[in-house]
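Heads up, the next two complexes both have chain A, just with different partners, chain B and then chain C.
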Partner chain A sequence: MKRLTLAIFVIAIFAVLSLFIGVSDVTPQTLLSNSEDGRALQVLLISRIPRTLAIILSGASMAIAGLIMQILARNNFVEPSTAGTVESASMGILFVTAFAPGMPLFGKMLVATIFALAGTALFLRILQQIPLRSVLIVPLVGMMLGGVISAITTFFAYRLELLQSLNAWMMGSFAGVLRGRYELLWISLILTLIAYIAADQFTVAGMGQDFTTNLGMNYNRVMTLGLIIVSMVTAVNVVTVGMIPFLGLVVPNVVRLTFGDNVRLAVPWIAVLGTGFVLICDMIGRIINFPYEIPISVVIGVIGSFIFLYLLLRRNARVA
Partner chain B sequence: MFTNRVMNRQSSRFFARSAYTTLLVLALVFGATGILFAQDVEEVTITHNQGETVVPINPETVITFDLASLSTLNALGIEVAGVPDANYPESLSLYASEDIAKVGSLFEPDYELVNAMEPDLIIVAARSAAVYPQLSEIAPTIDLTADNTDYLNSQLHNAEILGQIFDKEEEVQAVWEDIAASVEAVNEVTAEAGTSLIVMTSGGEVTAYGPDSRFGWLHEELGFVPVIEDIEEATHGEAISFEFILEANPDWLIVIDRDVAIGQESEAAEQILDNELVAQTTAWQNDQVIYLDPTNLYLVMGGLGAIQETIDDIAVDLGIELDSDEEAVEEVTEETAEEAAEETPTEEATEESSE
Partner chain C sequence: MIGVVILFMTLDAKGSWDFVLRFRGTKVIALTLVAYAIAVSTVLFQTISNNRILTPSIMGFDALYILIQTTLIFTVGSQRVVTIDPRIRFGMEIILMVVFAGILYRWLFGGTRRSLHLVMLVGIIFGVLFRSISGFMQRIIDPNEFAILQDMLFASFNSFDRELLAVSVVLIVGVSVMLWRIRHTFDVLALGRDMAINLGVNYYQTVSIILIGVTALVAISTALVGPVTFFGLLVANLAYQIVGSHKHVWILPCAILLAMLSLIGGQIIVERVFSFNTSLSIIVEFLGGIMFIFLLIRESSR
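Moving on to the complex of A and B:
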């Protein structure tokens, strides 16, 4: 518990630092001096605080979505972007853009959620049909399914001349986050809290259907709850900031290496480390090409893929 | 036997000699007609970005993978037989129809179809420049990639090459004089208009473009003073935050909306930019935001027709009446009026694109 408090404290320092990185001149001095018609305060309220909140919300929720995904599929190398969930959500967004471009953001998110639900359910269904569930086969199947779904999406995007727009939506970036443009992400806070409350049930469900039923729990209900949480979190994130690759994979795995499979213990750590990972990567993206930005998905893609490879090639990966 | 053979040799020598003479005569005759034919199908040697190509004057079957050249040819009233499958702007909508052969994408030709059409001339540029070697084996091919650092001159140069090939040099000059006059008229206003920033919106994200970029000619040639000099050259611009626009605080904001394909005519770009930070800039407060047709700028990338249309659009926003091209300006204003009259342009566009 002490260590967790310390971790939260460190992340909080990073969050405060993040408030003072950007093109406009926002420093503690300019905030206090209150010169220049209070622009510093304005930028802080309109841009910096919302951006930092968005980072915290999406970092924590995507990492936890990854954890739940790993429990549902009973495999450590699965996360929304390696199970077809992200691709399905983006297909949903394309669907809305093509047929009802004027739909408000909330509606877009709902459609994306429905698509994400269907895609993830399909993935779990396919997994049931695979007799030998080797550790590496499962994410491979997920990536293949994601590949098929995104191929269909790409085809229609190409026909509708929306290919480059599709790429732009999927590119995860916090550059466009402003007051009034990220609030949907608060939904993922609620979902994260639900995941925490149901943590023990997920721990049990992680031990398999027979075991869960033996303990008198409704396995299917737990699975459905997990499915809904993962799909909604993914949809909300894809709609507001785009796709952040590897996050849901790297963070839960690092945490579980230390804490084992106890979900109640793992959830707070995953939330904190997920937030920290995204915060630091976004700060890097804002600093190295200042005053321009490098999208977070690029920064995390580079760092995350190295950690992913390390996890895959680790000597006892096959035992995981 | 022996005498016979001598006889034969003599006669064969005679025949050989007469055959020789006949051949010589024939060669002369055919040679002369050959020259006559050559004068019938005149040819011109074109020097382009990837070497020299001998091209027939007034080629019949023309295929272009370059939409800028298509725009020029269209402005000169020349029909093209094959074009790539792409999203055509209003002025080139003729080529969107299925009656015109679609010979591949903007990047990749459908070689079998190109071959089957037996073209007399193929034009490539920029996106399709890489397939020049393959296409030049099928038919005379020229590469008219424009030079972004000397945009208008290079566009004129390309137009002149086309004028030469299609024997329309005077027409090119006439269209060009109109453009030059418009450029001058725009320059007079932009010199006094203050600073400007070119941005492109796409899927909620904003990127900035500088004088060296593909849209740099708006700065360099139309005289819009860049608010920041050194935005690096990048194909899709530099990703920026809204704070960047706020701090740069341009007097004019030039917006290119890449999402316009969904048919919401700048609506999406306006939604993205309409926020508390951009609202504080001089450009937004003085209503000095110019939305440009992305198909002309981003897709067609030049050509006489597209350049004139882009400048006309800018002129309307700057409040300039172009003397040389009043009709075009009127047309544009009519179009905007029509759009305003239509209540739901979105539905139509969606139907179109979902077909």
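Moving on to the complex of A and C:
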């Protein structure tokens, strides 16, 4: 508990630091000096604070979505971007953009959620067809399914001349986050809290259908709850900030390597470290090419694939 | 095959024959080269790595090519890159790629046996990594440089670099001669590493030669049309199905023919039926992805 408090404290410092990074001159001095027209305060309220809040919310929720997914698929290498969930959500966005471009953001999110649910269900369905599951075949199938789904999406986007706007949607970045454009992410906070309350049920469901039923729990209901949480979190994140690869894979795995499989214990850590990971990657993206910005999906793509490779090879070394 | 080529050359041809033939002629040559390069590289890569699911592009080879291109522009600058003779540049890029691919390959397949699934997953992640690093540099690069880079990287089935075409022909002939001289070892290598060594093949030397050839072919096809992840997987596996034998004498020509048929035929369909409204590589990605999942499931249920 002490360590967790310490971690939260460190991350909070980073969060405050991230408020002061940017082109516009926002420092404690300019805020306090109260000179001019209070421009620094405006930048802080309209842009910087929403951005940092968005980072915290999506970092924590995506990492937890990854954890739930790993429990449901009973596989450590699964997360929304290696199971076709993200691609399905983006297909949903294309669908709305093509047929109902005027729909409010919340409606778009709902459509994206329905697509994400369908895509994830399809993924789990295909997994049932694989009799002797190798641990590694599961993410392979998921990534390929994602490829097929995004090929369909690209096909129609190309025909409808929406490719460019779709790419802009999908590129994960917090650069466009302003007050009024991130609030949907609070939904994912609610979902994350539900996941925390149901944590023990997920732990049990992770033991398998027979075991769960023996303990008198409704396996299918737990599975459905998990799927809905994962799909909604993914959809909300894709709609507001775009796609952030590997986040849900790297963070839960690192935490579980240290803390074991107890979900209730792991959830707060995953939320905190997920936030920290995204915060730091976002700061790197903002600083490295100052005053220009590198989208977070690119930064996490590089760092995340390194960590994923490490996890893969380390794991194998241990098994062999 | 000839029929398809004639169809491609003449269908809907209006106006000056002179222009049509020259314009479509280069296209046919380029498509043929690409088909040949992808088919041969995929089949041989599958032979030496002893499987039917892995292909050079799934292992991230063409992402590597893009990374090398990007790094070159990023570090040297487009001004100087453009002044280098394209033949020398191409040669240098291929050497770099062969070195990287060789290290990757040795590490993955040499020494301890690793599971096929692990190798595949590592390859895919390497692909993601290479693409992310390229994307990273493309973000930092000067916009003018980026425009030049984009020209170099995002060639499609509709625009070819004429100069590269000549270099590619020369290279492909060279690689083919090199591979032709060791053609007898292909069938033996397909039996697996231990068996091949037992049967008296100089395993490491032969595999290295093939790997160099494969890498060069991947570089050529990527340079001409950009990455096409699943095309090789599709034609190679179709060829195995059709031929029903393990002999490379039959598999290789069959795969090459299939590749040419589907590329040129596909281009006709894309140009005439969809009237350029979609890109061939999207369709390939769609079909190939489904095929990949199917192969994976079949493989693991055996």
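In this text, the second predicted complex is superposed on the first by the 314 of 320 C-alpha atoms of A that agree within 3 Å, B and C clash if a C-alpha of one lies under 4 Å from a C-alpha of the other, contacts with A are read in each partner's own complex, and residues count from 1 in each chain.
Note that in this section a residue touches a chain if its C-beta (ideal position, glycine included) is under 8 Å from a C-beta of that chain, and two chains touch if they have at least 3 such contacts.
Everything quoted here is computed from the prediction, not taken from an experiment.
Undergrad: Taking the superposition as given, does A:265 touch the first partner, chain B, the second, chain C, both, or neither?
TA: So A:265 meets neither chain B nor chain C here.
Undergrad: Could you look at A:313 and tell me whether it touches chain B, chain C, both or neither (first, second, both, neither)?
TA: So A:313 only meets chain C here.
Undergrad: Have a look at where A:294 lands relative to chain B and chain C in the superposition and call it first, second, both or neither.
TA: A:294 sits against chain B and chain C alike.
Undergrad: Touching A:180, do we find chain B (first), chain C (second), both, or neither?
TA: first
Undergrad: Touch check for A:284: first (chain B), second (chain C), both, or neither?
TA: Neither partner.
Undergrad: Contact-wise, after the overlay, does A:148 reach chain B, chain C, both or neither (first, second, both, neither)?
TA: In the superposition, A:148 contacts chain C only.
Undergrad: Applying the document's definition of touch, where does A:139 land relative to chain B and chain C: first, second, both, or neither?
TA: The second partner, chain C, only.
Undergrad: Looking at the overlay, does A:162 come into contact with chain B only (first), chain C only (second), both, or neither?
TA: In the superposition, A:162 contacts chain B only.
Undergrad: Return first, second, both or neither, reflecting whether A:118 touches chain B, chain C, both chains, or no partner chain.
TA: neither
Undergrad: From the superposed pair, tell me which chain A residues show up as contacts to chain B and also as contacts to chain C.
TA: Residues 289, 292, 294-295, which sit in both footprints.
Undergrad: Which part of chain A faces chain C closely enough to touch in the complex?
TA: Touching chain C from chain A are residues 77, 126, 129-137, 139-141, 143-145, 147-148, 151-152, 154-155, 158-159, 245, 288-289, 292, 294-295, 298-299, 301-302, 305-306, 308-309, 312-313, 316, 320.
Undergrad: Which bits of chain B are touching chain A when the two form their complex?
TA: Result: residues 87, 202-206, 208, 232, 238-244, 246-247, 258-259, 261-264, 272, 275-277, 346, 350, 353-354 of chain B touch chain A.
Undergrad: Per the contact definition, I'd like the list of chain A residues that touch chain B in the complex.
TA: Those in contact with chain B are residues 22-24, 42-43, 46-47, 97-99, 101-102, 160-162, 164-169, 171, 173, 175-176, 178-181, 289, 291-295.
Undergrad: What does chain C use to touch chain A in their complex?
TA: Per the stated touch rule, the residues are 112, 114-115, 117-118, 120-122, 124-126, 128-129, 131-133, 135-136, 139-140, 229, 277-279, 282-283, 285-286, 289-290, 292-293, 296-297, 300-301.
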